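Quick one: this structure, given as structure tokens, is what I'll be asking you about.
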Amino acid sequence: MANTSESSFWMPPQASTIAKEVDDLFDFIMDLNYIFFIIITVMTVAFVVMYRRKSDDQLATSDFDHSILWEGAWVFVPLLLCLVVFVWGFRLFLNLSVAPEGSMEISVTAQKWAWSFKYDDGQVVNDLYVPANRPVKLIMKSRDVLHSFYVPDFRVKSDVIPNRYTTVWFEALAPGEHRIYCTEYCGKDHSGMYRTVKVLSEEDFAARKKKGFEGRPEGQSPAAWGKELYSKLSCVTCHSLKEGERRIGPSFWGIVGREGETEDGEKYIANEEYIRESIMNPMAKIVKGYPKSMPSFAGQVDDDQMDAILAFMKTLK
Amino acid sequence: MSETQADPGYHVSDKKETNYIHASKGLLSWILTVDHKRIGIMYLFTIFATFALGGLMALLVRLELLTPGETIMGPETYNRVFTLHGLVMVFLFIIPGIPAALGNFVLPLMLGAKDVAFPKLNLASFHIYIIGTIMALWTTLDGGVDTGWTFYTPYSSTTNTPVIMMTLSAFVLGFSSIFTGLNFIVTIHKMRAPGLGWERLPLFVWAMYATAVIQVMATPVLGITLLLLIMERVMGVGIFDPALGGDPVLFQHFFWFYSHPAVYIMILPGMGVMSELITTFSRKRIFGYRAIAVSSIAIAVISFLVWGHHMFVSGQSAYAGMVFSFLTFLVAIPSAIKIINWSTTLYKGSISLDSPMLWALPFLILFTIGGLTGIFLGALGTDVHLHDTYFVVAHFHYVMMGGTAMAFFGGIHYWWPKMFGKKYNEFWARVSAVLVFLGFNITFLPQFVMGSRGMPRRYYDYTPDSGYQIFHQISTVGSWVLLLGMLIMLVYLASSLRSGEVAERNPWGARSLEWLTQSPPIEHNFHEIPTVVEGPYEFPLAGANTASEGMDVSGS
Amino acid sequence: MSSHESHESHDHDHGHHVTPLIVYNGIFGGLLVLTVVTVWIAQFDFGAANTFIAMFVATIKASLVAFFFMHLLHDERLNLITFGFGLLFVSLFFLFPLLDITSRTYVDPIKDNSSGAKYEKVLKAQKDHEKKHADQLSNFSMFRKSGFVLPSTDEKEAAPAPVVAPIEGTPAEGTPVEGTNPVPVQ
Amino acid sequence: MSNIIIHKHAHHFYDAEQQASSAKLGMWLFLVTEVLLFSGLFVAYTVIKTLNPEMWKVASEQLNWVLGSVNTLVLITSSWTVALAVRAAQTNQKGEKNKQIVGLLVFTIVCAFGFLGIKYVEYSHKIHDGLLWGTSFFNHPEHVAQINGAVSKAFGAGIFQVPDIAAAMKTAIAAAQGTDAYAAMDAAMHEWTHHQELVHKYPELAHVGDGHLFFGIYFLITGLHGIHVVIGMSVLLWVLLGAMKGKFYKDYYTPVELGGLYWHLVDLIWIYLFPLLYLV
């Protein structure tokens, strides 16, 4: 199997089976570009130089103002080339859209401003782990606004839409890491909404999957792992760790056991139960004076992670 | 430029009368004027201002991207700034740019008419434009919107920035655009001077006609789209809102049904100006008059069939994608014809490099690049990779800025003597043209590269390890060169207004009707309506003692 | 043609053509009849053809109004062309979005994208869910039955009909109704 | 475009003839923009209908086709009379005040009022029954959630466990007579019972999803059309004033004609709108 190639002047590395096909078309069009650009520029510049007006009353030396032959030529030659490019492009597009039979399915959820990937065994992770040399099909949906899943090295991209499913598929060539971008503008942290595709060899993948891709690493305390999740799940965008600092949401400093009032005037005490609910179903209780802007993390945070987060929060005082 | 060879057979009077500028005094006489020339001038200065505003926003965007992380502003501010840049440049500068400013001034003159068909409607359209502009500025002071100029739902229906006000402003501006277009269509149909048949119309008029058709046919759809968006926010009608069972992709169909043809509202007038400049400054009949005239109309019609190429990865059906991609390649052809015909027109001409030509020739080069790179985006397979990256950004800036804006400034330099009866400093004009050309390329060529390497657009930030920084830096430096060129132009044009030497009636030796009347023209344009006996580009030929017989022979 | 010619050439049609009264009245009668026809024909069900038949009749009526009441027939040809051009673009506006939404699932179909499948799924979900909570739900019809459609959390598990309303465009996850906890107030 | 009603043709035209035909071309272009404006809503109609056939079938049956038909007849009649008004102007001799034009225009405007009256009846019925757009729709989960939230707030969440909620509420309210909790309870119960009634009144509509989409589009289309009716009325009113002054005669009747054209367009749109919403 081919290996990930180095990046060319125009294109990033070719890390998927489809990447080469895309680049071939790209190079073909690029050649056409060079040819036509040179023709036009040379013609123009040459004429300007040759027929430059020397004296003020110099007149044109030809009234050559139409030629069916020439005009016909530069209607049909470009048209022909365009049709070639069109057919080539469309065939390629079908390859990009239709995943091979028996591709591995991973369901993807996008939301402001995080990705989560759910495997058939139910585990949910925030970086994408895929096996090399095996077609992978992502079935994607969004929880809020439009997002777009883009891996330059794989040359794949598709918008992620609420209330509908879209898919992309790719077959990574070799183990390695590649960048995932969001390419549909989605607000404040649009440009921060990037993750990594971690391509593993078939064996590693199986092994890692069995013990959970993002389970707590051995020897790491739950609290420490919770701190990692705090930035990984991008809680950090809305919740500060400094005492009383207000971002979009309230600060986490001393949150455990905090007392206060909700929007509809009920008193609350932020015990484990309350915090768990606020993460899974944030709209149930909104702290007075804060916007209803937190997305639900139900289905994204499993119990271990939840415990870790709580453990981490308890250390914040 | 000797008068003798200009327009034989026309009755030409050189006795000076009070021109339209001094016809009446006082601010009110301008604000309430129905004179198409004065309205054109007022548009011109407003549009200079909006261009400056949009440009400032662009500079801020470039400056922010100079380094990764926060350079001068935070993400919220950045999102508002690039949104405002888009909105101002599209709705306030480039769409009204050539039609409303240059078109208003020149079109009736070119037709040998006393005014446009509906002068009061014309004035109304200007006032509406001002109102729309004020609303847009108000929204900006009110915090600004962060949706991007495309207003995609559901983001635009959920963000808590003053979207409604901004949408209303775009809605209002739409009316101004419709009225201008409507006015021009009727004017071109009904107000042509005796003998001025369709085949004797200057190609600028053909281009304006095509533009007007698009303005009238497409803009109402923008109107209803924005109304529906407002309804989403006010009443919560869920047509575009997935949370209510609506379809967000449908909004994109609605939006691009207008906004793709709008791209041609932007470029067609530029092409029109090009045809005038190329012929005048090579003193030669245009190559393939019919081909260019017809291709303008063809572009106007086909432009309504291709909007889906903005949506190849939007979750639109692959078959729709196929159809749109195919039609997109069809629309490439008419533009190709124009390009090659212009450069063929230069063949054996008598080419002067006066400043207007120094804006026209860059147009030829830059628009070629813009057009050619469009092929990547029209082809489905490559567009998947390039969509919503800086490659797209570079592409449409080459078409819009490198194309339309260049033609706009070329047109201004070309008709400036006619508008104000003053000359500008030729030397500095050439310097500025060259600087802008260089600065433009330094700014946008790197964006092609980082785009195809995967840098997404509308990004506030990029990681240092991604290797995009060097391109961003080159690009930012280029934007400063661009700025310098523009500033120089501002200075010498201003000084020409104050103390420019008097320009004669027809400084370039052009052949179309607007050069028949004095500079600046009298209030009613012509002492007597001219009777047209030949085509617009009948330049005398070396060795031949009579100009050949009008357009009838050309292109047939 | 110069505009001199252009307006002389149709002197005779503009203004000087007066449609006889009988035509106006005839057209009016025709319109009334056609209206009755539309309503009458709507009682029969021709399936998919319903819309087309209705549109056909409507188009006849519309053309009567346009050609006679609006004088398109005897007016300058240009006005007719203008209007026709407008209709052409309207048809384009219909054509492409329809092409899109009707062919979305052809390539690599995903279930739940076509509304039909959507509803079957939800109805099934409602049944399961009814079994589970039959007792509490006995007086709670509007929840059991409000077929509110959202993307299921995962195409594997059949989501019960969600009752947590969407908040600010964020479709809530489907959660089964506990009769004991009414929907939280938002 | 008031420059075109200046009786003596404006300076920049060759003659009144050219001016009139320009004005009419301008008007037709304007009508085209109106058509395209509405086409957007019709496209939305088609797409939403195609995406939700079941919902559409159920929801569209809730409109009153009788009122719709009557309105159609009213509009067609007004269209006819305005056409006659134009004709009357065409045949009118210079200077003479023509009762016919005035009469016909007045009748047309009366028809317009009639149309709006009937629309008002339809609207108020829809509003009362909560057949509305978006979350205002009577059975939209968010709407339902609010009602039940209010109920559980006033009566306590437990209320939903008892077999007969309505009865439980009654007793609770009876108990609460005079206390300050009473008002809230009463309001909550009213909303709740009203909603229950609606659910039983429109069973299928309550069960099928996204019913609000149909009514959203219904109100948008008819609303925008209604606005155009009002605009058309004001235009005709303005023409009427001119006619009363006897301004219009066989060589100058452009305002009557253009006003008529606009009114016909309003009719034209309704001719399509009526079967699409009320019948199919």
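The chains carry the letters A, B, C and D, assigned in the order they are written, with residues numbered from 1 in each.
Rule of thumb we're sticking to: a contact is a pair of C-beta atoms (placed from the backbone, for glycine too) under 8 Å apart; a residue touches a chain by one contact, two chains touch by 3 or more.
Just so we're clear, the structure is a prediction, and the values are computed from it rather than from any experiment.
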Open item on the list: Looking at chain pairs B-C and B-D, which one is connected by more C-beta pairs in contact?
Closed with: B-D
Task: Innermost chain, where centres are averages of C-alpha coordinates - done: B
Open item on the list: Between subunit B and subunit C, what distance separates the C-alpha centroids? Give it in angstrom.
Closed with: 36
Task: Distance between chain centroids, defined by C-alpha means - subunit B, subunit D (Å) - done: 39
Open item on the list: Centroid from C-alpha atoms only, then distance subunit A to subunit D, rounded to Å. What do you get?
Closed with: 44
- [ ] Starting from the mean Cα coordinates of subunit C and subunit D, work out the distance between those two points in Å.
- [x] 16
Task: Contacts with 2+ other chains: residues of subunit D - done: 18, 21, 25, 29, 32, 36, 39-40, 43, 47, 51-52, 135, 209-210
Task: Sequence positions of subunit B contacting 2 or more other chains - done: 154, 158, 189-191, 217-218, 221, 242-245, 247, 249-250, 253, 315, 318
TODO: Return the residues of subunit C touching two or more other chains; collapse runs of consecutive numbers into ranges.
DONE: 3-4, 7, 78, 85-86, 89, 93, 97, 101-102, 107, 149-150, 164, 166, 168-171, 184-186
Task: Partner subunit A, residues of subunit B touching it in the complex - done: 1-2, 5, 75-76, 79, 146, 148, 152, 154-155, 158-160, 242-243, 245, 248-249, 282-291, 312-315, 318, 321-322, 325-326, 329-330, 332-333, 336-337, 339-341, 343-353, 361, 364-365, 368-369, 372-373, 375-376, 378-385, 387-389, 449, 452-454, 456-463, 466, 539-544, 548, 554-556
TODO: State the interface residues of subunit B toward subunit D in the complex, per the touch definition above.
DONE: 34, 113-121, 178, 182-183, 185-186, 189-191, 216-221, 223-225, 227-228, 231, 235-239, 244-247, 250, 253-254, 524
Open item on the list: Considering only the defined contacts, which subunit A positions touch subunit B in the complex?
Closed with: 7, 9-12, 21-22, 25-26, 29, 32-33, 36-37, 40-41, 43-44, 47-48, 51-53, 56-67, 70-71, 74-75, 78-79, 82-83, 85-86, 88-94, 96-97, 144-146, 148, 150, 152-153, 155-159, 161-164, 166, 179, 181-192, 194, 291
Task: Touching residues (chain side subunit C, partner subunit B) in the complex - done: 1-4, 6-7, 78, 85-86, 89, 92-93, 96-97, 99-107, 149-150, 166, 168-171
TODO: State the interface residues of subunit B toward subunit C in the complex, per the touch definition above.
DONE: 154, 157-158, 189-198, 213, 217-218, 221, 241-245, 247, 249-250, 253, 257, 304-305, 307-308, 315-320, 323-324, 532
